[in-house]
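Here it is, the structure, as structure tokens.
As written, the chains take the letters A, B, C and D, and residue 1 is the first residue of each chain.
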Amino acid sequence: MLEVNGLHAFYGKSHVLHGVTLEVGRGEIVSLLGRNGAGRSTALKAIMGLARAEGSVKFKGEEIAGMKPHQIAWRGLGYVPEDRAVFPDLTVRQNLLLGVKDPKAPGRFRLEEMFALFPRLEERALVPGGVLSGGEQQMLTLCRTMMGNPDLVLVDEPTEGLAPLTVAQVAQFLLEIQKRGVSILLVEQKLAIALDISQRLYVLGHGRVVFGGTPAALRENAAVRKEWLEV
Amino acid sequence: MEFTLISLLNGVTYGLLLFMLCGGLTLIFSMMGILNFAHASFYMLGAYLAFQLSAWLGFWPAFFLAPPLVGVAGALVERYGLRRAHRHGHVAELLFTFGLSFLAVEMVQLVWGKAVVDYRVPPSLEGTLFTLYSTSFPVYKGFMMLVSVGMLALLAALLAYTRTGLIIKAALSRPDMMQALGHDVPRIFTLVFAGGAALAGLAGVIGGNAFVTEPGMAAAVGPIVFVVVVVGGLGSLLGAFVASLLIGILQTFMVGWDYSIIDVARLFGMQLHSTSALTRLSLTQLAPIMPYLLMVAILIFRPRGLMGARS
Amino acid sequence: MSAAPALRLSGLCKSFGNAVILKGVELTIAKGERHAIIGPNGAGKSTLFDVISARLPASSGSVALNGEDVSGLGPLAIHRRGLSRSFQITNIFPSLTVFDNLRCSVLWSLGYRYSFWNRLARLRDARERAGEVLEQIGLQRRRETLAGVLSYAEQRALEIGITIAGGASVLLLDEPTSGMSRSESDEAVALIRKVTAGKTLVMVEHDMSVVFGLADRISVLVYGQILATGTPAEIRASAVVQEAYLGKSFTHA
Amino acid sequence: MSFVLSLLSRIGIMTIFALSYNMLLGQTGLLSFGHAVYFGLGSFATLHLLNALVAHGLPVSITLLPLFGGLAGLAFGLLFGFFTTRRAGTTFAMISLGIGEMVASSSLMFPAFFGGEGGITGNRVTGRGLFGIDYGTPLQMYCLIAAWAALCLLLTYGLTQTPLGRLANAVRDNPERVEFIGYSPHSIRYRMVALAGFFAGIAGGLSALQYEIVTAEALSDHLSGLVILMAFVGGTGTFYGPLIGAALVTVLQVAVASVTPAWPFYFGLVFLLIVLYAPGGIAGLLVQHKAVWQAGLLRRLLPAYLVAALPGAAVLLGTVAVVEMAYARGPERGDARLHLLFLPLDARSAVSWVLAAAAIAAGILLLKIASKQVAERWESVHAALAEAPR
């Protein structure tokens, strides 16, 4: 589905990614782990065309490196940023509708379904997005991206700063969209969640892939955990 | 009473016209961070195009054709000029629009000459709408008011209720996110720029014949437009609206008041006997610099403007 | 000087709209201590630095520098009282030479204010002090290079140089090794150790080898509050800290 | 002879003015659209002082009088600068424009000071000065201007070498960080605006003495625009750029204006082209090419330049033809038949228009291809420069 090959990326002047190679298969949840500053968020931005990058990014066999973000989005890639980027002055409903790229082509996810999944969003449909709680904003952003009918979503730290109950809800939602045939490339800091829901994981350290494998392999590999993930 | 009402009507008409100029400028500024120095040139272009088109086709076709044509000019400027200047930073953008405003005056002179052109109110809109005591209110002023209010209402509705409006509002706050959601933000920018230019063009169409259509008309309103934007608060549409009306009304009143500063002081119980040039000035004479004085006052007491966000 | 702590934060809160980022931070840092603040993303570490250095106004609470309450002062006033900070995203003067970046940064502390009658070239003390810093950060060979064309690691070193040049006694370093490769970050640690000798250092850092290599004490910031403060060994052993970093179920597993 | 002297005098005055302007735009990063305020007020103040001294029978030193213009500029810089410099960037640009317009429109409100439409006049020849120099001749006046210009050049250059000058550069680069090295960006900008006002005032004072008349034109947005043009065309990134700009623009103004009434149009066009394609101005281009020349790589660029020059000339010629014909046809119509170099054109014949348009179209098309080559050559030169030992 997604093949990233020798990706170098830059944030301002800093050379953040030094040749990252990874892939995400159809229907998979793949997690990208690592400490802050390891280059995880920049990797997602580079794939989405939002950061300066060199190297090859193939999506469904097509080279998308160098395309503009909106062109990449139209090819079926969705992006949920770390800061959630809710449009604060628009209502929840309007926020969701903005996720729709082509109003004429209905996607896998409809407004009603989103509301059914998260009744809380329906209750607050007419409330400005800016006044939602952190957890609600996260749900909103995830749902908004789903409205665009993506085949693969890049999700950046969806559980950051959320209460444990909400964290579980987010994880549940990710599994739900996986069930509907959407692949996920997830950046996560909480190792526990990543191990629970992913099929495969990559660990980034200093802009390079230092581990790639299954959750079981990572559980056994204490050296990688100690060196690159734990305190 | 009579004076107050008529001045108020005139002031509101002028203020609304100002807002048609400042509204587009503010929208463009808050979206792209570009202060379009040439914005008043679109106003001038609107007036001249309307003059030419009404000479060929009559007023009504000109009224409907000129603003979209100005919009197209705006789109071309954004697409082929500003986007390139943007690479060199904000100063280059500002200088580009500054150069453009200069060139616009030259081009207008090239085509239509340096003199005032004969762009007149059409006969169908001549005459008196109503007479208040002894002062008559012309039909055309009413028409100007109607067009401004109608246009602004239409735009407000467009922004509030259509998908395009929604996309524009969202792109104002998070252009990067809108890109990632699959919206072509550069195209939206061009659209907004064109829209702002067309709005300025419309102001020129209905203002050019009410005032005068001449090469100096852009330079005459340009600085005032900037003052409105500073007074209202950079990037605030509501602020621009309030400031437009405020300046429109204040200036109209001051033109009508023939009191000197001594008279005003007397109102407050002060007796000034000085005969210096300053105290002999009348409010009418002060009217042209009133907007600038207001700007300085705002800068001293409320640097972020009436409605501007705290920076 | 009395035994007043270098920095004391009491009940420091910061919110943006209805998003509360700092929820009453309490922290005391002794003179000469090297203190690291760690925590998961979004815990408010950078915001904490911004509030201490007055880049952002605090919503409530107070900051005391060397025993003096500095809440409500502007960034330059705080800098003049001896607190200097670096930035996570390199924040230098790109079209000045490396040397001038440093020379500008020493001028205030040497009392030159806004002078336009002294010739810079004649100010020996400024030249020497800037030269010292230049040597400390190891950029002598790049002295006349424009800062904007330096490599990333060199710019990070310059960032630290600008921060220490004014001779501040309390230094706040915001992710000094972010975006660096392993070897670059090892060099940065050596540099930081050298230039902060005898000063109070507070730093935000994610690279644990840097943190454990440098810090006397560590504070863990989670959800805008200090979760734990202690020596590196204590922090490493703390189950609460591991949980905050890695999530619940894993530590139970 | 007197034509040359008057041109040189004007260049001298404009040099000071452009230097003063670049203290803001180039050195402090402040884009001012109202710099003529300080020039004009310095002019009026100087001439008023001259007239007052003469009227009271007091001794006058014409030599030192421009200093008074400078002090007037400084005073107004201190007055206006205080609230204009709190913000930089776009806000400053807008406010400077507003202040400029305010002063310019005030000039019609206080005819006693500004002399209304006609302006005020004076007479610089007040009697025998030192060594018999009475500034009665253009040559003596030119020498005075040249001396002041040299002095101002020295002073403004000296300023760039002081703490304030360097801090101004720092504020231009990164105002936020300036606060974190203990300085107030506002104070730095304020001082620079006041000092720039001082030098602009000197230029204004000299202009008042040179022409012995000052009108509202000296405060106008035209003059503010002209100084932007000079500084930017010359190049704001270097100290000497504005010198080039002041000389070049002044000479061209005289030279082009004597050939065609369309000169403001050409100036506008050149300005836009420089903003879009060479934002470093002429000095910027010189700096770029100097590095290439020193590395001995200029030979790699020249052929591509030559190839691009041909279509460039075609576009230029076509544009000039169109503009000239348009002027000829326009309301202030001149002779419809005109000659461009050796080409006879007729503004009434479609053939001329079509030919001109074709030249432009073909030129642009070829220029696009040629510019690709130039860009490629530049890339190779850049690569070579980067490899060269520093």
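The criterion applied here is as follows: a contact is a pair of C-beta atoms (placed from the backbone, for glycine too) under 8 Å apart; a residue touches a chain by one contact, two chains touch by 3 or more.
Computed from a predicted structure; not experimentally measured.
Relative to chain C, the chain whose mean Cα position lies farthest away is B. Between A-B and B-D, more C-beta contact pairs join the chains of B-D.
Chain centres here are Cα means. That of chain A falls 53 Å from that of chain D.
Remark: chain C and chain D have CA centroids separated by 44 Å (rounded to whole angstrom).
Centre to centre, using the average C-alpha position, chain B and chain D are separated by 29 Å.
Residue positions of chain C in touch with at least two other chains are not found. Pairs of chains meeting the touch criterion: A-B, A-C, B-D, C-D. Of all the residues in chain A, the ones that touch chain B in their complex are 48, 50, 68-70, 73-74, 78-79, 81, 85, 87-90, 94, 97-99, 101, 103, 144-145, 148.
The part of chain D that touches chain C in the complex is made up of residues 158-159, 161-167, 169-170, 172-174, 176-177, 179-184, 187-188, 191, 195, 390.
For chain C in complex with chain A, the touching residues are 17-19, 38, 40-43, 89-90, 152, 155, 175, 177-182, 185, 206-208, 223, 235-236, 241-242, 245-251, 253. Chain contact summary for the complex, chain B toward chain D: residues 29, 33, 35, 81, 84-85, 88, 90-92, 94-96, 98-100, 102-103, 106-107, 109-115, 219, 223, 226-227, 229-230, 234, 277-278, 281, 285-286, 288-289, 291-293, 295-296, 299-300, 303, 311. Across the interface of their complex, chain A is touched by residues 163, 166-167, 169-170, 173-174, 176-185 of chain B.
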